[in-house]
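Have a look at the structure below, then the notes.
Letters A, B, C and D mark the chains as written, and numbering starts fresh at 1 in each.
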Amino acid sequence: MLHFDSDYMRGAHPKVLERLIETNLEQTSGYGTDEYTLRTKKLILDACGIASGNVWFLVGGTQTNSTVIDALLRHHEGVIAADSSHINSHEAGAIESTGHKVLTLQNHDGKLQASEIEQLMEDFYSDESRDHCVKPAMVYISHPTEYGTLYSLTELSEISEVCHKFKLPLYLDGARLGYALASDVNDISLKDVARLCDVFYIGGTKCGTLFGEAVVTSKPELLPAFFSLIKQHGALLSKGRLTALQFEALFTDNLYERICRNAILQAMKIKNAFLERGYELFIDSPTNQQFFNLPNQTIEYLKRWATFEQWGPKGREYTPVRFVTDWGTSDEEIQQLISKLSAI
Amino acid sequence: MLHFDSDYMRGAHPKVLERLIETNLEQTSGYGTDEYTLRTKKLILDACGIASGNVWFLVGGTQTNSTVIDALLRHHEGVIAADSSHINSHEAGAIESTGHKVLTLQNHDGKLQASEIEQLMEDFYSDESRDHCVKPAMVYISHPTEYGTLYSLTELSEISEVCHKFKLPLYLDGARLGYALASDVNDISLKDVARLCDVFYIGGTKCGTLFGEAVVTSKPELLPAFFSLIKQHGALLSKGRLTALQFEALFTDNLYERICRNAILQAMKIKNAFLERGYELFIDSPTNQQFFNLPNQTIEYLKRWATFEQWGPKGREYTPVRFVTDWGTSDEEIQQLISKLSAI
Amino acid sequence: MLHFDSDYMRGAHPKVLERLIETNLEQTSGYGTDEYTLRTKKLILDACGIASGNVWFLVGGTQTNSTVIDALLRHHEGVIAADSSHINSHEAGAIESTGHKVLTLQNHDGKLQASEIEQLMEDFYSDESRDHCVKPAMVYISHPTEYGTLYSLTELSEISEVCHKFKLPLYLDGARLGYALASDVNDISLKDVARLCDVFYIGGTKCGTLFGEAVVTSKPELLPAFFSLIKQHGALLSKGRLTALQFEALFTDNLYERICRNAILQAMKIKNAFLERGYELFIDSPTNQQFFNLPNQTIEYLKRWATFEQWGPKGREYTPVRFVTDWGTSDEEIQQLISKLSAI
Amino acid sequence: MLHFDSDYMRGAHPKVLERLIETNLEQTSGYGTDEYTLRTKKLILDACGIASGNVWFLVGGTQTNSTVIDALLRHHEGVIAADSSHINSHEAGAIESTGHKVLTLQNHDGKLQASEIEQLMEDFYSDESRDHCVKPAMVYISHPTEYGTLYSLTELSEISEVCHKFKLPLYLDGARLGYALASDVNDISLKDVARLCDVFYIGGTKCGTLFGEAVVTSKPELLPAFFSLIKQHGALLSKGRLTALQFEALFTDNLYERICRNAILQAMKIKNAFLERGYELFIDSPTNQQFFNLPNQTIEYLKRWATFEQWGPKGREYTPVRFVTDWGTSDEEIQQLISKLSAI
């Protein structure tokens, strides 16, 4: 059986695992106070072009989002996000469980638009009853989005500008950031992200590590007492070095982007194979998630050979589905999928 | 200056205040354990046609909503509500501050539709990743709605049916319930509300009392330990009898509906006065809130004589506004308003 | 039957009620934006000797404590309080429900000691694992305390000094502040409270109003967006003027202290009556709550004529009880109680 | 430099790491829905003697405690725990951040006593104002305790009995459970824990894994919708199999107890070495944490060769310290420590 359900189905990239094996029996202090963690923080800040900032390692994406957002907001404040965003739909209410409202804007292929954030803020400030409302106090975006789409550098710059205008910290969820950086279409570098966003995280779990996400900021004053908050959120790993060591591997010799590039190449093969055979896209994604609107019988047939996700409710004749590749997807896996597709 | 901003601008109806004056120097036990409270609970249950149920007195609407909703939900559950609902827009995040997400459906003139609640539930149960989502676990409606509109008995019955089908407690916010009951258009009696909703509150603040809301249920098992939760939410009045005494007055000789009827009659005079002069409605409301889309110069002119609320952002030529009447609005106030309108 | 259960058994002082009656049918804007509220804020700030500060009116004590404490703390911070304090024992977890820990110190007759606060802070800062702990970030005291006892000016000054040293906002719960100010033993004026505490509230509910507490601060920058937080906590009264009008009466011609003085005089008569007859004090309180350790048969006998609270678990032979007087306790009530006591 | 700071300084036991290496490139479904997870759950339930129950894998201890406790409690309820317990002191307010109060009892060498839990419950139910209080609704203990001490089977049985009497779920934090099971003094088997506690967790992080804790219950009905709550708390690992695989290794051939036994043997060598040289115990612990009250100059001397934790504030002449061993502590490490001690 072939598997294209998601990008967290394999373990870690071999070079990542190797670092854990090499260092396994060493003893280091806990909670990220060790030398490996210090060294990896430096590696990441350098890659981001940040002279004076900070990096924290957390374990998973939902926990990272809820911890960062909780840290950036006061009790009466909320976070602006797309209705399709992960924090609004698939985190089981983690943001609300810490007391904060997700203030949604309609997504455009998964993305927010600067002009609509601006409009929301202007409406808020012109509303005489605004003190009875949740104050929009930060912006959450993801790159790539839930739909695999990418912001352009222009779009991100515009959002960043609106955020500065209204003093809204801009937070970027980079769970799949590696797959954005490796895409041909992308024109946003890691340094652009670091420059335009106030806080962001570089995803490890989906991009080569066993687990782990690296929260980065050039403005550590935005996250006072963040260590205690990480602890309170249950997001502090005792053996903190484990996450750092994995990111050390990713940020040595640019492994992060290099291994993610494979996922893009394999995803494009899938995209082309479907398009060449006349199937239609559900969303046009330039990254490692590919969405098609397939005839139900094609879906049934393919399910005999491969696992992949249904994307939304089943239609009468056509149903949207998602195929995901990752750093480890092999040529052989793709060929097998395409050969099954050809046999229809 | 005339005032049509809202229905909480005056004190209490004289008969309500009288009860507070008469009993002022008596001593009773606190927190709603007194005889007046017991007696008023009985009065209200009788008016609702509930043989075996319970009533609790809270102080204000936002606090009532957040306490009831918190009581009805488990940590991972959320409340279905219209996007225009008070809990979603004008309670400063009170629901989220207790950890619960408001799951919004688009409103239809302020109302939810049974079929859309049903669709939301079917989508939830057919979603394979539903365990990663907030569980929709109750429904919030208000009657009248934020826009002054009313559910029909058929509409409320359909919503009630869907709620029962999916085991969703149905909660009705009756901040202005009196103005619904007194409307010509309304075909839902208090007993219908009590029969079709699992929990609801009868609003006092806007309908004749100084303050106070009466939470009613025919299923007290839905609200275990509700007293402690009221206390925790800061919604427990020490001198509990004060709220009960005011509701005693309202539920004696049907004062509640009788005094609210005045607001409807006066509101209709305003409505007709504007319509007769060719102004257009913004929303067609049969209750004590009237919404018009007025020329900006008309608004400027009227503001010299009367206060009323702008309803949404100012337009280039026309802007929506709201006029509200209450139990105390006098014929004279209405005549003065109309004479100013006539003078344009 | 005589009633000495508590100081919230009667309605409002007649002069307080009068203001509500006089203004009842007036129309004013809501939520404390009216002229009466502005005027009363000024009256209170003047009485407190605060040139530039702010006052907010909330409805009840538990809600005031949880709203103020929530406003003063960041997510990872807690409040230092006596183990016997109201917030730790009798608010149904209201503080924790907003995410904050109550960090307890053992009480000394209901009071905190400056030296023990200092020790707690020094221990915290010398603990290498302090980032894994809740940060002690404010101090809560009440005056009078749960046991009716009073801080001396020296004691309060010392606590204030320690708080400033460690940058801990000092918050004083004045639910019964009037009964402190009216006590012969008290040497802390309202102006001292305003000078030594960062935030405090002047209790209305137990000292002459129907309901209402006035939060006062000379440092409004400590409570940013407090209006929204009051709303979120469900503590914002729609008809805001009602609370202000009651406090206007209390702070006109020093009514607040004058009416509270009665409670002290009556309480001292009760104290002396018991002491003269050889009964022993449970706690020596100089305010309107009097605590005795009575033989169980005396308690049984007195219960035939008067209600009062058992204070803690019933003992074999002796049980502690509490008698409370208020602004309205009459000479006759006291004489009747004493005559019953004399008849034993 | 020798390291005795804690038991989370090394990576994983080699057999544990081996399972991750062997399976690294396999693809499995996420969030614990894979075959490895199913198989390991079965292994653990068998080891616990539970015929029909459930197991969930979380990442770390603080997150496990806050998720389980949040699941077991309703909004107005709190958890009974020792004042010295981890949840009360070293989890940065994680329990309170989910809205629940920790109701503390004084510890006895780190332990709770059944009779004191019973007294607390009787006091609660005899308190007439109990509805104004947080309801004590579950009991938290750890085995071993924060001080390395152990409950006897009799003590645990008594606590379990009291819990059943008052319908309090009993939850055992087994962060170091392996070191209890391996201790000579311990008379509580894993099956006893499963029989006497309603929910407990078997700690991986400190007992041989890289990370991971296994929550076990014979009464899964106590944890409804626990999956969603794990997700909401940010405690759901995407690559769920990783935790399961590590526990599979631990629960194969009784590796868990066998490797923990080493820590006990090495800890006893340390204990004896100090005692033989006339040093005094601070607490008498039969597990892998050893506490001594050492002269300050001895501490200074030893710190040149070894790291270990100061346990509480520094004294004038003597200061308490803690030495911790683990599954990987070698004979050589111990010999070196003892030789340094001998050289004093």
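Everything that follows uses one rule, which is that contacts are C-beta pairs under 8 Å (C-beta built on N, C-alpha and C of every residue); 3 or more make two chains touch, one makes a residue touch a chain.
Just so we're clear, the structure is a prediction, and the values are computed from it rather than from any experiment.
Chemist: When you check each chain against chain B and chain D, which touch both of them?
Modeler: A, C
Chemist: For the interfaces A-D and A-B, which has the higher count of C-beta pairs in contact?
Modeler: Counting C-beta pairs in contact, A-D comes out ahead.
Chemist: Suppose chain centres are the mean of their C-alpha atoms. Which chain sits farthest from chain C?
Modeler: Chain centre farthest from chain C's centre: A.
Chemist: Suppose each chain is reduced to the average of its Cα coordinates; what separation in Å results between chain A and chain C?
Modeler: Computed value for the inter-centroid distance: 50 Å.
Chemist: Measuring from the mean C-alpha position of chain A to the mean C-alpha position of chain D, what distance in angstrom results?
Modeler: The computed centroid separation for chain A versus chain D comes out at 33 Å.
Chemist: Roughly how far is chain A from chain B, centre to centre by C-alpha average, rounded to an integer in Å?
Modeler: Once rounded, the distance between the two centres reads 42 Å.
Chemist: Two-or-more-chain contact residues of chain D, please, as numbers and ranges.
Modeler: As it turns out, chain D has residues touching two or more other chains at 75-76, 91-93, 97-99, 131-133, 228-229, 231-232.
Chemist: Quick check: in the complex, which residue numbers of chain C touch chain A?
Modeler: Residues 70-71, 74-76, 98-99, 131-133, 135, 224-225, 227-229, 231-232.
Chemist: Please output the residues of chain D touching chain C within their complex, sorted ascending.
Modeler: Chain D reaches chain C through residues 75-76, 78, 89-93, 96-102, 123, 126, 128-129, 131-134, 310, 313.
Chemist: Could you list, by residue number, the parts of chain C that touch chain B in their complex?
Modeler: 3, 5-6, 8-12, 14, 17, 20-21, 23-30, 59-64, 66-67, 91-94, 97-98, 205-206, 210-211, 228-229, 231-239, 242, 307, 328
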